[in-house]
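One chain, subunit A, links the two complexes that follow: it is found with subunit B in the first and with subunit C in the second.
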Partner chain A sequence: MLRWLARRIIAAALVVFVVTSLVFVVTHVFTDPATVSLPLEASQEDRASRRAALGLDRPLSVQYWDFVSGLVVGDLGESFWQTQPASKLVFERLPATLKLVGGATAVTVLLAAPMGMLAAWWERRFADHAVLGFSMASISAPPFWIGYLLIIVFAVQLGWVPTFGSRGFVSLILPSFAIGLASAGRLAQMTRRGIVEELRKPYAVTALSRGFSRSYTIVHHTFRNVASGFVTMTGWELTRMFTGYTVVIEVVFAWPGVGRLAIHAIENRDLILVQAAVVVLATLVVVTNLLVDIARRMIDPRVELA
Partner chain B sequence: MTAVDDTTTPGADTGAVDAVPPEGVTVLADLRSHLRKSKAGISGIFICSLFALVAIVGPWLPFIKDPAKQSLPDKLTPPVGWGGTWTHPLGTDQLGRDILARLVDGARISLLVGLAAVVIAAILGTALGLIAGYVGGRIDTLIISAADVQMAFPGVLAGLILVAAFGPSVWLVIVVIAISSWMVFTRVGRSLVLTLKTSLFVEASELSGAPSTRVMWRHLLPNLVSSLITLCVLELAAAILSESAFAFLGFGVQPPRSSWGLMIQQGRNYITDGWWIVTFAGLAISIVVLGVNLLSLWLQSFNDVAEREQIILERPGG
Partner chain C sequence: MSTTNGNGRQERLLEVKDLTVGFPTRDGTVLGVDHLTLNVGSHERLGVVGESGSGKSVMGLAILGMVLPPGRIMGGSVRWRGEDVLDPGVANRVRGREIAMIFQDPMVSLNPLKTVGSQLRELLQRRVGLKGSAIRQRSLELLDMVGIANAGERLRAYAYELSGGMRQRVMIATALACEPTLVIADEPTTGLDVTIQDQILTLLHDLSTELGMSVLMITHDLGVVAQFCDRVQVMYAGRIVERAPINEMFADPQHPYSLGLLHSVPRADRDDGELTGIPGEPLDRAQFPPGCAFEPRCDEARDGCRDTPPPLLKIAERRWVACYNRPGEGSA
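For the complex of A and B:
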């Protein structure tokens, strides 16, 4: 187990290294932060002096070394829009993003597990079709549009919750649902399929023939065997949230997270800050994947020692 | 060399009969009878063809107005049923432009960008998957690690950094969606090739001296087609959603051109006194994606992809 863990951690670190290097290639080889920060009509002299001020006139290898050694100690450069260390800005916003992802994950799991079980319990009957309908609708609608619909109905028309911003627990509800519904739709179908498959296996048939009810068998026998896949899929949804959904949903709900910071940084031509946000989010994705692998091994030791 | 190939190919192809019916006609007939039994398939095809038709001929339909024509006295007219009239069936936006006309106009970009991205991703991804699976060795390791890295670096992040570096454009959005989806084709293509590689018809073709490019192109690729088409449809749904998200963030099409995602972005300041702008634009995206999803549901049930699905869902070690 320890050797497996060590190998997985090294592999994850390697992926982070490759991804950050790719980011560096885009931000320093194809273009550079000085050019991006200046308007198109800026003169050559302006460009040159800005490049010199940011140390971009040095050889690329030196710049790359600076970048990598900065990463190791958590230095992600200086934002020239905010004139503050980029890492400080990103880490200030990180708790808000994590809170949002946490809320969305809670919505996902709390909706998906019961819906999947219900659909499997009443296979091919009304509940099953209803859950399938929910899943198809939720994965087909763009999350940011769901966000606006929720705002229109619950904030504007009914006035139950605040429309924008992050004011305590209540304002977390709508964005969490906007992100979580699609994930719940996918996960519910996966859970249903898993349970239905398991119910046809001999151990489940035995349990049923011994007189255990279908619901008891689902909850106590088959769901456990689906749990490993459930955790994997939840982790996969988490990575989707970190990268795709949160960015868009943070914009919709004016949520002060890393994604919205990145969008503001783009608007203000601050390449260093965008780079910092992307590096942090990509690292979060890799760490999530690692944690999911570990959780899966703990739930189901049969998982291969790959 | 060609002569040798041509004489051996018929013999080699008979070995493939088990894997795939040689006549396309049979497959089509099966497909059609399967379609008749599937409500999902019929509705999916109906929705997709309807939207494709609207995207192609929409602007020339007689009752569709000029999408760019502004009329400030008519601004924020509600749709029919909420106090509006049939002059603007779905109401007007903040500049008095007809929502229905703008939806029809936006359909092109919304659908074309997704389609183009999926085609690029499918060609690139399948080619890499074929090579990785068939050639194997170091090349395989290299390609599959690249796919794993790509999985850890999803599209929106790549989109953020590329838009920050190069500024927004439709082409950039196509590229970003394509690079966030190629590895799905690579992984599926590769795993299928790995199982096909040991088949008799591949061995026969190799023994008769066919170069590896010919084995891949003539013998392996045709066996991947049905799975890859299913995958294309699945990815198309994701691509259309991604396009709408990028357009919404302002990364893609720039005004005065329009797409559904951009309409939502422009209408979002009017959700209190003009909820219909955001609602109808999002509804258009949802319905078309639903159509594509239904189509993919049916295709999946047609060539039972339980196994393949497992491959797609199975995440790599990050």
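For the complex of A and C:
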């Protein structure tokens, strides 16, 4: 188990390295931070001097070495929009994004698991159709639209929660739902289908024949067998959150996270800061996948220790 | 838990009457079990034999009031010591505690993600009501009863870590956990090596004698029936076609289908029967004739067989046959 874990961590680190290298290729080979930061009508001399000032006139291999060795010590370059270390800016914003993703994941899991079980329990009955309706609606609606809808209803009309910003737990509620509802819709359907299938399997029939109730069998027998897929899917949803939903929703709710920072960095043509944000978000995706692997191994002892 | 009033008389435990299970299909409702009647007494080992698709497994579950969707019980009664098992309240009490089932293919019939110990624990805790250290003690005892060595270690094992024979022993242990009076064994040896098959049958036989349990053995294997049962019922297309004590069935089968079954078992003094080789049946149950279901495959079929299914009639003491060519007592 420990050797397996060590191998997984090394593999994850390798993936982070490859991904960040790809980011470097995009930001330094296809274009460069100096060119992007200057207006389109800037003269060749302006560009050359800016490139020289940022050390971008050196050979690519040297720049790459700089980038990698900086990465190891957490140095992601200097943001010229904010004239501060990019890593400092990103890490300042990271807790807000993690809070948001945490909230959205809680919404996802706490809605999806019970809804999936209910739908399976009342298969083809009203509750099943209701859950399906919720899933279809939440999956079809874009998160930013759900976000605005929630703001209009709960913040503007009812005034229960603030419209934007991050002031304590209350302000976390709306953006968490805006992100989590679609994920919950997808996961609820997966859970329902999984449980319905598992309930027809011989081990579930055995449990029922021993006199265990249907609800006990669903919760204690079939859900355990669906859990591995549930965790995997939750991991995918987290990935989507880190790479897409948070960016949009942080803008909608003026949430001071990494996603909104990345948008501002793009608006201000600050390629170094964009690069830093992407590297950090990509690392989070890789870490998520690692955690999913570990969780699956803990749920299902048959998962290969490969 | 007492099983009988030890005066030697057989007590009627299970009485199934006209049990009918239907499955809706495009061609109308197909009857998986059709007016099934059977009785199991205390200390009795009854065999139900039939080929794949004859409704044996459907019958086993239906006796516990269970039918996999979209099937449903359409009629008849199941009584356990006079109580109606098809009543959910009674079923809840009886399932597992009084009647326990052993299934085919223990690989998939045990929960793959629960250890042997936790599967026994939940039964002993929730169905028997044991607490604390008594649970572990009883679990070890049960594994010991079914002949599993290193019981303490096996409690921590998952099903996939055990061999096929070992898994079936665990399955039997979970069936015995609530000290049932009747065990329904649905093809318990199918898919196991021949030597293991023999061990499992012997184990079940010994346990049923020691613990005074009755067994309803559902199988396609006449060898199993011969080795294990006191009495046998032959099932065809969801109906019982013959019922006889074991010796009489093998010495003098009456129904043409029983004859065919016995002939299809390779024996040195007879050539192989041709009946089991007929393709397409009996899965095409929807297209069966309104009369005797065996009529299309029967050598002795005549016009009178095609209108209504023959009733199961008594032809001698403890012998029943459903065939127009074997008129029962009292009929013309």
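Here is the rule we go by: the second predicted complex is superposed on the first by the 306 of 306 C-alpha atoms of A that agree within 3 Å, B and C clash if a C-alpha of one lies under 4 Å from a C-alpha of the other, contacts with A are read in each partner's own complex, and residues count from 1 in each chain.
Basically, a residue touches a chain if its C-beta (ideal position, glycine included) is under 8 Å from a C-beta of that chain, and two chains touch if they have at least 3 such contacts.
Here the structure is a predicted model, which means the values were calculated and not measured.
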Clash-or-fit label for the pair subunit B, subunit C on subunit A: fit
Partner touching more residues of subunit A, whether subunit B or subunit C: B
A:Thr234 touches, of subunit B and subunit C: first, second, both or neither? neither
Which superposed partner A:Ser209 touches (first subunit B, second subunit C, both, neither): second
A:Ser87 touches, of subunit B and subunit C: first, second, both or neither? neither
Partner chain in contact with A:Thr191 - subunit B first, subunit C second, else both or neither: neither
Following superposition on chain A: angle at subunit A, subunit B versus subunit C, Cα, nearest 10°: 80
Touching partner for A:Ser171 - first (subunit B), second (subunit C), both, neither: neither
Which superposed partner A:Val36 touches (first subunit B, second subunit C, both, neither): first
Touching partner for A:Ala137 - first (subunit B), second (subunit C), both, neither: first
Which superposed partner A:Gln63 touches (first subunit B, second subunit C, both, neither): neither
Distance of closest approach, subunit C and subunit B, by C-alpha atoms in Å: 13
On subunit A, positions contacted by subunit B and by subunit C: none
Contact footprint of subunit C on subunit A as seen in their complex: 200-203, 205-213, 216, 220-221, 224-225, 299-302
Residue numbers on subunit A that touch subunit B, as the complex places them: 8, 11-12, 15, 18-19, 22-23, 26-27, 30-31, 36, 136-137, 139-145, 148-149, 151-152, 156, 190, 232-233, 235-236, 239-240, 243-244, 247-248, 251-252, 262-263, 265-266, 269, 271, 274-275, 277-278, 281-282, 285-286, 288-290, 292-293, 306
Parts of subunit C lying in touch with subunit A, wherever the complex brings them together: 61, 64, 66, 68-69, 92-97, 100-101, 103-105, 108-114, 122-123, 126-127, 158, 160, 171, 174, 178
Complex interface listing, subunit B residues touching subunit A: 148-149, 152-157, 160-166, 237, 241-242, 244-245, 248-249, 261, 264, 268, 271-272, 275, 278-279, 281-282, 285-287, 289-290, 293-294, 297, 313-318
